[in-house]
Amino acid sequence: MDRQVSLVRAEVVENRELVPGVFLLRARGNFSAQPGQFYLVRAWGLDPPLFRPFSAFDLSQEGISFLYAIRGRGTSLLARLQPGHSLTLLGPLGNGWPQPEGKLALVGGGVGIAPLYLAAKAFREADAYLGFPGRPYLVEKFREVAGRVWVASERGQGGHRGSVTEIFTPDGYRVCYACGPREMLARLWEMCRRAGVWLYVSLEERMACGLGACLGCTVFTRSGPQRVCREGPVFPAQEVF
Amino acid sequence: MDRQVSLVRAEVVENRELVPGVFLLRARGNFSAQPGQFYLVRAWGLDPPLFRPFSAFDLSQEGISFLYAIRGRGTSLLARLQPGHSLTLLGPLGNGWPQPEGKLALVGGGVGIAPLYLAAKAFREADAYLGFPGRPYLVEKFREVAGRVWVASERGQGGHRGSVTEIFTPDGYRVCYACGPREMLARLWEMCRRAGVWLYVSLEERMACGLGACLGCTVFTRSGPQRVCREGPVFPAQEVF
Amino acid sequence: MPDTSVRIGSLVLKNPVLAASGTFGFGGDYARLYDVSRLGGIVSKAITLRPRAGNPPPRLWETPCGLLNSIGLENPGLEAFLAEELPRMRELGTAVIVNVWGEDPEEYGELVSRLSLPGVDAIELNLSCPNVRGKGLVGENPEATARVVAVCRRATDKDLWVKFPPQGEVLQAARAAQQAGATAISAANTYRGLAIELETGRPVFANAIGGLSGPAIKPLSLRLVYELSQVVSLPVIGSGGIVSWQDAVEFIMAGAHAVQVGTGNFIDPLCAPKLVRGLRKFLVQRGLGSWELIRGCAHRGGISGAA
Amino acid sequence: MPDTSVRIGSLVLKNPVLAASGTFGFGGDYARLYDVSRLGGIVSKAITLRPRAGNPPPRLWETPCGLLNSIGLENPGLEAFLAEELPRMRELGTAVIVNVWGEDPEEYGELVSRLSLPGVDAIELNLSCPNVRGKGLVGENPEATARVVAVCRRATDKDLWVKFPPQGEVLQAARAAQQAGATAISAANTYRGLAIELETGRPVFANAIGGLSGPAIKPLSLRLVYELSQVVSLPVIGSGGIVSWQDAVEFIMAGAHAVQVGTGNFIDPLCAPKLVRGLRKFLVQRGLGSWELIRGCAHRGGISGAA
């Protein structure tokens, strides 16, 4: 719980639009996040006041990358960054995914695939189920590190036409890590519970401090109020649903 | 008094640092200011809330240019602009210099030379007295359009060592237009008053609307409260001192 | 086509967007930039019985997303207003609301009585100017408010909008204004704020305290309008940090009949007409025929709760 | 070397920079990032007698240069605080101030009595939490304030800081607190603000109204500290929108003895230690040996007036 956290300025190396509204941003520096951990990010002055939380998508010798979708003010400002601009990062934060015991499935919806890539890299032989609203992205990168990779999208590009919960079946897995829209997570939990598969989900909540101090990101779980930035973002599904 | 004013977005063509902290910014578009008029300029969101006033330095077929010094937040943000970025401009505003009657001297201190260049262009044969805290700039441009040009600077670069009020003498002039630090203007007024030379000065005050509506830029003159953005920025010195 | 108009007392505004007092002069300055007849109405700079020169510079100071001002009621006085400004204001093609400030109830009475002229669509009683030295604000106090409004009610048949400060016993004072015959509640004027210059260690304004306006205060004014619209049955006119049509919709959802744009005019000189357009679009896109269904919906569990 | 320390009651802070209640937990979270012993002190999250779960999400909402929060006093309760958090807080190497909130004067009394322990350097009575449904704020009311402070004064020998809301009869309430035995005045807590979600037409928070903090409110809190420091002789501790050492100097010039950094910690997690460094530099560069000469100088015609 008491690992060190750093505040660093990092230089943007690339900020590429993968599909409309979705970007992969690479920044230079020496980072060391666990799969499922996140950073608070900002690249503006006083307004908006808060950092924005993003999962560490990938780590390399060169630096770190984030996968993000434009939602509002903060992400619009991020989308304008160009190589050479600088970024402020606080992290690594949060608990990250647990060490899996047994066969692992990764299920992500949209930019919800962001915290899964490092997991696929770290926990070898995991299968990945990736769902997209439009054109799929980064599927090849997943194929390089995951076991089997399935893709679903609304218009069937890249594989199945429909939602990711239609291609995923819990049979054969011991544990499943998922991130995406709340309804998707709820649906997965129904499936995993029935099948006796442990499901861990990564939750999102607005954050101020990211460190556990402000209690702004609290969610109510079966074991009481929990901070997404500290006890989370990864929670056992049975705690949440 | 009731000339039209426009609000336009203009593209930055160049934003060059002439000497440390002093920039010449060129923007593309069709502008038509009178000498001594100014624009309200901004290139940021809600914070800081207000535009910043800058004299039209020069006009050409291609667009408009501004000469500015970094003072605080607004000018620091301007200094970061690069070609291709956009700028919002409201203007032209203010009264501008009157039509001179008789031999004209232009006296400017630092970026106070900004409203004088268009005057030198428009009112031919005017002599220019330019004072600088450090290394002089844009002197050649003045030489192209003015009558005689004298330069003073703190360490004597470009001519006289000292202040511009040491090289200017009112003898032989009918009228003098000046812009610069308040003490310089006061000193000039003393000289011109004795010599019977009409002095007009361009004043600075913080502005909100720039249009005459908010009364934020009022200065007290001998004829009562006057708006720098509307009755000014050019005032007869005897009104002000 | 949705009906964007709103009724406030006897006055029907073509849309709920007004230019706020003190930020729009008498309208003519902004008419050099755009057709101000697009606005629902224009509230004049505060008029006093005699001309006032206002406070010494500086009168403006920026704060994060906010603006402190210390204008101090500079205005040409009633006579000059009637002779020179009012005739021009009437030509602007939109509702004319005259904002007035008096030293005491009698002055307010004289002002509104002499302003009972054709072409004056409503009078806004400014009980809330923070920039006059040594005066408590009438609008912070229910009894003082009732006195001024009662005197004015006797002195004119015109609609009386009462403009309150954001602090003090405003909720009670608004109720008192309603009982004394006010037509509408205007909320709120600027917030009492301070800035100090580091170099000198002195307040930046000669009067020390100035009035804070702009986006910084929006959540505060929105809260006040939300509360006011629950304690009075009069229409509430909201102001404070409105710069986008989204802000304006929030105020209407909180219970406002109309909104005023002040500092927004400085941030974007076309702010007010953009609001007019944005609000019309909002009604169209939400399939709303008028403001009725969403006005005050935040008190009723939201939009669907209103249906 | 200037003396950056300040005395507040019986407590000498090594410098005037405190972490504000509710934004810094119990200090340990930020200790993962930097050496928090550099701060003048740490004010704990509000502690209540029993554990509280707080309000449902969302609890945070951004506004222009401001932050609305609706945490609702989530905290582990006094027992758990004493058992788990206080021992760790004491190890952080800086002054420990415990912020407490009670349902009534007796609860406040019990809290301060049970907190009368070594290692608790002062107790901050939170009379100003805007995020508890259905409670008027004690600190808006002089009598209610006096009652709570008097009960606490009898219950403990510890220094009592009284934390006020920014609205209501705060000046009178601060005087009442002084008479009832308070050690210092802490001003101010967050401002009551509102945000409404356009999609739904509902307030974003379950409690509707939240507390506004951050740079947006700085000019308002600075004004309040300026006024408070004229009506009480107790030390005033300023908070509200402080994010830079320049902001902190303004508060000191307005009369504050110390400042608290709240939302500033979120804008820049190193905000507070940067303030410590900036303030020291300021003293050095101005050739000031201590805070005496500039504290409150805005009331005395500025820096030179003080000399």
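Order as written gives the chain letters A, B, C and D; numbering starts at 1 within each chain.
One rule holds for everything that comes next: contacts are C-beta pairs under 8 Å (C-beta built on N, C-alpha and C of every residue); 3 or more make two chains touch, one makes a residue touch a chain.
What you see is a predicted model, and the numbers here were worked out from it, not measured in a lab.
The interface with the greater count of contacting C-beta pairs, when B-D is set against A-D, is A-D.
In terms of the distance between Cα centroids, chain D is separated most widely from B. Between the CA-based centres of chain B and chain D the separation comes to 47 Å, rounded to the whole angstrom.
Centroid to centroid, with C-alpha atoms defining each point, chain A and chain B lie 54 Å apart.
Between the Cα centres of chain B and chain C there is a gap of 36 Å. Shared contact sites, meaning residues of chain A that touch two or more other chains, fall at 46-47. Shared interface positions of chain C, i.e. residues touching 2 or more other chains, are given as 64-66, 214-215.
Because contacts link each chain to all the remaining chains, their graph is best described as complete. Those residues of chain C that touch chain D in the shared complex are 63-66, 68, 167, 191-196, 198, 200-203, 208-210, 212, 214-220, 222-223, 226, 241, 246, 249-250, 253-254, 294, 297-298, 301-306.
Listed in rising order, the residues of chain A touching chain C in the complex are 46-47.
Contact residues of chain D toward chain A in the complex are 22-25, 28-30, 32-33, 45, 53-54, 56-62, 64-67, 69, 71, 74, 214-215, 243, 263, 265-267, 269-270. Across the complex, chain A meets chain D through its residues 2-7, 46-51, 73, 90, 205-209, 211-220, 224-225, 230. Put simply, chain D touches chain B in their complex at residues 64-65.
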